[in-house]
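Both of the next two complexes hold chain A, though its partner changes from chain B to chain C.
Showing the complex of A and B:
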């Protein structure tokens, strides 16, 4: 095994951090809705890709990619709230929510394939070209934007849950919804708000996907394993967990790629998850 | 019963294997093969996931393992096609058991987590296959592999292979459902902890079911590899397999071995209608939509709903159960060596995150006695029961039962030594009938009765506890008093040498308590030894021979009930210290 050069190592560490930020961003909404609302939203990935395709479409029509958020975020918020209303209306259990959103994923995937076909799509934007040079290392603007948004949203969610009254009420709902309701917390309204936010996070993650990646409907499932690993490692319902765990996974993957072959990277998250589950089973 | 079913399977097999000789177009045979293929996948998936409730989203991984085993052996090693099929099944089964051995060991692995982990495994396996020499990217082509001429044409050969495997799979699924394994899996579905405490070896059962389920999927994959003749990672490890098998089972009804087969036939026909009309994408969306609608509106599935309706009619037509059946004899022989130690705890300690629930507790239960275990809330009574029954492991100390140390045993092994318990809040298996609830411990207890006898035994205990008329009801239809008695009947049916009762009387009315006291006297009269956790002091005084008082995890008094309850320490523990 040849040791990689220091520059290469630095570059791969950096790319590990950046991809980890995207894992964290994708995991944020998933973790909050799983941990606090007991809904395992498999369709979160499909929503993120729907967001990515919408960004691609709007940017293609001449909009600035970042400005598309003004359209996508409110739409996705409404979509998320609607989904929660439906799941709550039929009082779907945690496990069945997994099945229902599995079905929803298949529908959204078919919708994407119907509108944009199964061909690969790549968004052309001014952001994609910008690169900074720091020391001997290159940093691309889309990756930096992803990290910034992941940090900002995770910290904002954390601060909201920790320091505001509505956030504290939300945590009370996560502990015990009926008791929270008995103390005057608006369980229905806040749950709708949170699921709307989670879907909006998926929309933002979609923008980041569109900025850095080539899109295809089949790619929806490619992120699933890693992101769920990050969510579980980070602790359900913990707003900072997915980002931290995502970066740990991203860096481990990057190092694995640098030291062995790229082919083995997908095994990293899975092995980390198994190790943590075995070592600290109470964590999940 | 089994003979008739076997004859039925054989007749169906013979009749269906005649199909290729009617000279149907190859196209119909291929369609029928696909239906059979999906029946195998859905029914095999259901063996673990439907029966035990552990939904695997990784069925595609095991199916794919089988596909690649056959493809690799047939193209690279030159193994004849039919010989690759057992290998495909074996590889998939070993892979499944290895995964299960890790995953099922996690003590609190919930169903959701299992589903996600198995889904992740699919993509991990896909990555490995794609990036190693197993595939390497271009896929494997099997068109040069000779196909044995089982039927008159290639398409009929596939049809016959599919038919044989489908019948075998259905038979296995049926036999498992009707065996001890099946009973155990259905119990795991409803309440895994209770199943384990009643004697079901949950870990081994889940592993066995997973192995069978994966092995059958692997063989199906082997045949499918030859059928498509070009195996690629993208087509093999897609999300389609788990999506479709889950849908088929949920649609057909996952609590019956035949349900998934109905679902498989319906969904395959539906998908086929869509692809034939060039709407493959719309077909997938439709499948997703149907999955959602079925879960929201038809949770038991088409076949499940039909079976339920049929059963209802049959039960209402059945004659009332003979309540005059005589009470059952107990396994414990009265009078034998009375007064000798049956259970002995020495230096038992257990802490929960810094809360010392039990500290250095010594305790002795003598054969044939009723020992009352009393103490204020939080004094460690229930923890003690949980340690003895194996629900928790002690941090230190020994629990000797008839000379064996229970502290090192798994809960289901403890149940087999002849120990049974009840739960303070009744925890019946919600989807099993009252009769099945009581028959289960008889099958898994010390005497490990065969199914038929266990049913008989259960009926006797139901008569004994006055629940005979409710035998066919679901536990949800019982009131609290009846559910408490169901707990009792369930504990008694395992014919225990030692019975641990955790607050049988809490929540009962005065009249109901009188009933329960009579019942426990009757149990006692048959020679059972009973440890009895209770707050209802009247019952303690009337029933117990000796009591032990716990406070803050320590034994503070022990001896004759009347004398002990007057001790100042005991009074203080219950009522606080008097201000003097």
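Showing the complex of A and C:
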């Protein structure tokens, strides 16, 4: 078997890092809501796609795709807070939240299909055509933006939870909400804040999806398995975990595709997950 | 798009012919409707194509009802969403027979779902006319009838026509890369392409498979760029071909020739790169201008890739597409159009082409399969200088 070229190796590594960054970005909100609020929010994926379709719509109306964040982020923050309020109002447990948010996913999918139909949609933007050449390698701007946003949001969330009072209070809630409340932490308010942030992260992920991918409502489910694997590998409630795990998975998949049969790539993420679960069962 | 138009129309047309054969009476549509039941993938991964089938079907039913209807009665299409899931398709076809009590049944979209529907039809001893069955050898039921036009052995006929055409072109490819989804009907045709390339002495520089639903085509594009094939056979279904094209463009690569097996009809038209690369007015390729003037291209559908597709087919037909005769064809019962003999193989290349062949066959003109390959090769040769050649069935 001929050895693959360095260009192929480099391009595959880059491809893996970029798709891994998207896994991380999609997994960030999911990980935080699962780890800190004990809500397994499957609707996170549907929100990301709703964000992507809104970006597509607003960009089609003449807005710069990045400027759409000014509209999408506040709206999604409110939507996320509302969803959490409803789940808390009816005391939905962690397991039941999985079922309820699956139902929400189906509703959002139907809504997307109703508005934009099941046909494929592709956002046309100036960003889509821009790419940089580094030696023999090509770096597309949309993917670079995705990596930058994933890094920025993950680091910001990590810094917020580690260094600010509200972040520490949030971690206290995740540890033991009744005790945190006894110490004067506003459990309800902070939970709403975190839910809103998680949904806003989904909106940002939606922008990245719209920049790089062709959209179809049914694709909501295509990301579910691998992002779940990234979240679980990265550790629940750890804002940097999904990004690191996502990049590890993305690079492993890309190298598998580059050196062996591409069809083996999906096995990588779940094999990694099984290995980690066996090696460190207390990880999740 | 014409392919979908034709296949759905053909299925409805076949039902119409079937009914007319039993009752030779025509009157203004009145009375209780004739209920035709089917499912389509209106949601799920195959929805983009299923939706086009729905639109075409609705237009056809509307046209039918505006004329004589079926047996003098209006037609009602009872359509359910199988969510691209074969298990659900089976349940829904049971419902169509037992609950909705439809008079006739039409197949759903795509091989796996049609197989499910076929099982139900067999159990209830019903005729099933379907239109997109990609693995004909799996259809064992006597009362199933394909109306979509694939030959009985598409793993031989499709690669044969494509490679014949390439071999006859001015610069035949010497190396080939076969990349394919593992989606069943697509995969086995791509394996046929691999065999065909081997028999013709083409050097296979890459053979890559991916699972249906693959998200990242970057490494596959990088491998293709590394392998430098003269021709890429893309066994893609739905959006996969587009995703691969996107990934190749990101690394500034496009193979000299690439063939896409079953793309969703809409996305290639809408793909921004294709639209962006339309030549400006006055800079159209001379062969294209000539073909347009001569009326061999029905309409400018936009998008370089798609235009080439239309151009090739128009050229291969060597006749007018979209004229009165062609429009009439849409209303003609498919039973009269059924391709015969060698035309079945040639028909596998593309349904618009097949439509023409059927038409020629009806008119008593023989157009051997090799002729089709020659016409296609001529089409490829004439547009050979353009940078991006996509041929799609």
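As a convention for this text, the second predicted complex is superposed on the first by the 282 of 284 C-alpha atoms of A that agree within 3 Å, B and C clash if a C-alpha of one lies under 4 Å from a C-alpha of the other, contacts with A are read in each partner's own complex, and residues count from 1 in each chain.
The definition used in the following text is that contacts are C-beta pairs under 8 Å (C-beta built on N, C-alpha and C of every residue); 3 or more make two chains touch, one makes a residue touch a chain.
Quantities reported herein were computed from a predicted structural model and do not represent experimental measurements.
In this overlay on chain A, chain B clashes with chain C. Legend: residue contacts after superposition of the two complexes on their common chain; A:189 is shown touching neither chain B nor chain C.
In the superposed model, A:109 lies in contact with both chain B and chain C. After overlaying the two complexes on the shared chain, residue contacts for A:250 are found with chain C alone; chain B is out of touch. When both complexes are overlaid on chain A, the residue A:266 reaches chain B and chain C alike. Of the two partner chains placed around the shared chain by superposition, chain B and chain C are both touched by A:222.
In the superposition on chain A, contact of A:120 is made with chain C only, not with chain B.
Once the two complexes are overlaid on the shared chain, A:129 sits against chain C while remaining clear of chain B.
Once the two complexes are laid over each other on the shared chain, residue contacts for A:74 go to neither chain B nor chain C. Look at A:100: by the touch rule set out above, it reaches chain B but stays clear of chain C. In the superposition on chain A, the residues of chain A contacting both chain B and chain C are 109-110, 113, 218, 222, 261-263, 266. Those residues of chain A that touch chain C in the shared complex are 4-5, 7-8, 11-12, 14-16, 18-19, 109-110, 113, 117-120, 122, 124, 128-129, 131, 133, 138, 140, 143, 213-214, 216-219, 222-223, 226, 250, 253-255, 257-258, 261-263, 265-266.
Chain B contributes residues 55, 102, 105-113, 115-117, 119-121, 123-124, 127-128, 130-132, 234, 238-239, 243, 246-247, 250, 281-282, 284-285, 287-292, 295-296 to its touches with chain A in the complex. Residues 42-45, 47-48, 50-52, 84, 182, 208-211, 213-216, 218-220, 222-223, 225-226, 239, 242-243, 246-247, 250-252, 264, 266-267, 270-272, 275-276 of chain C are the ones that touch chain A when the two sit in their complex.
Residue ranges on chain A touching chain B, taken from their complex, read 40, 90, 92, 94-96, 98-100, 102-107, 109-111, 113-114, 218, 221-222, 224-225, 228-229, 232, 261-264, 266-267, 269-270, 273-274, 277-278, 281-282, 284.
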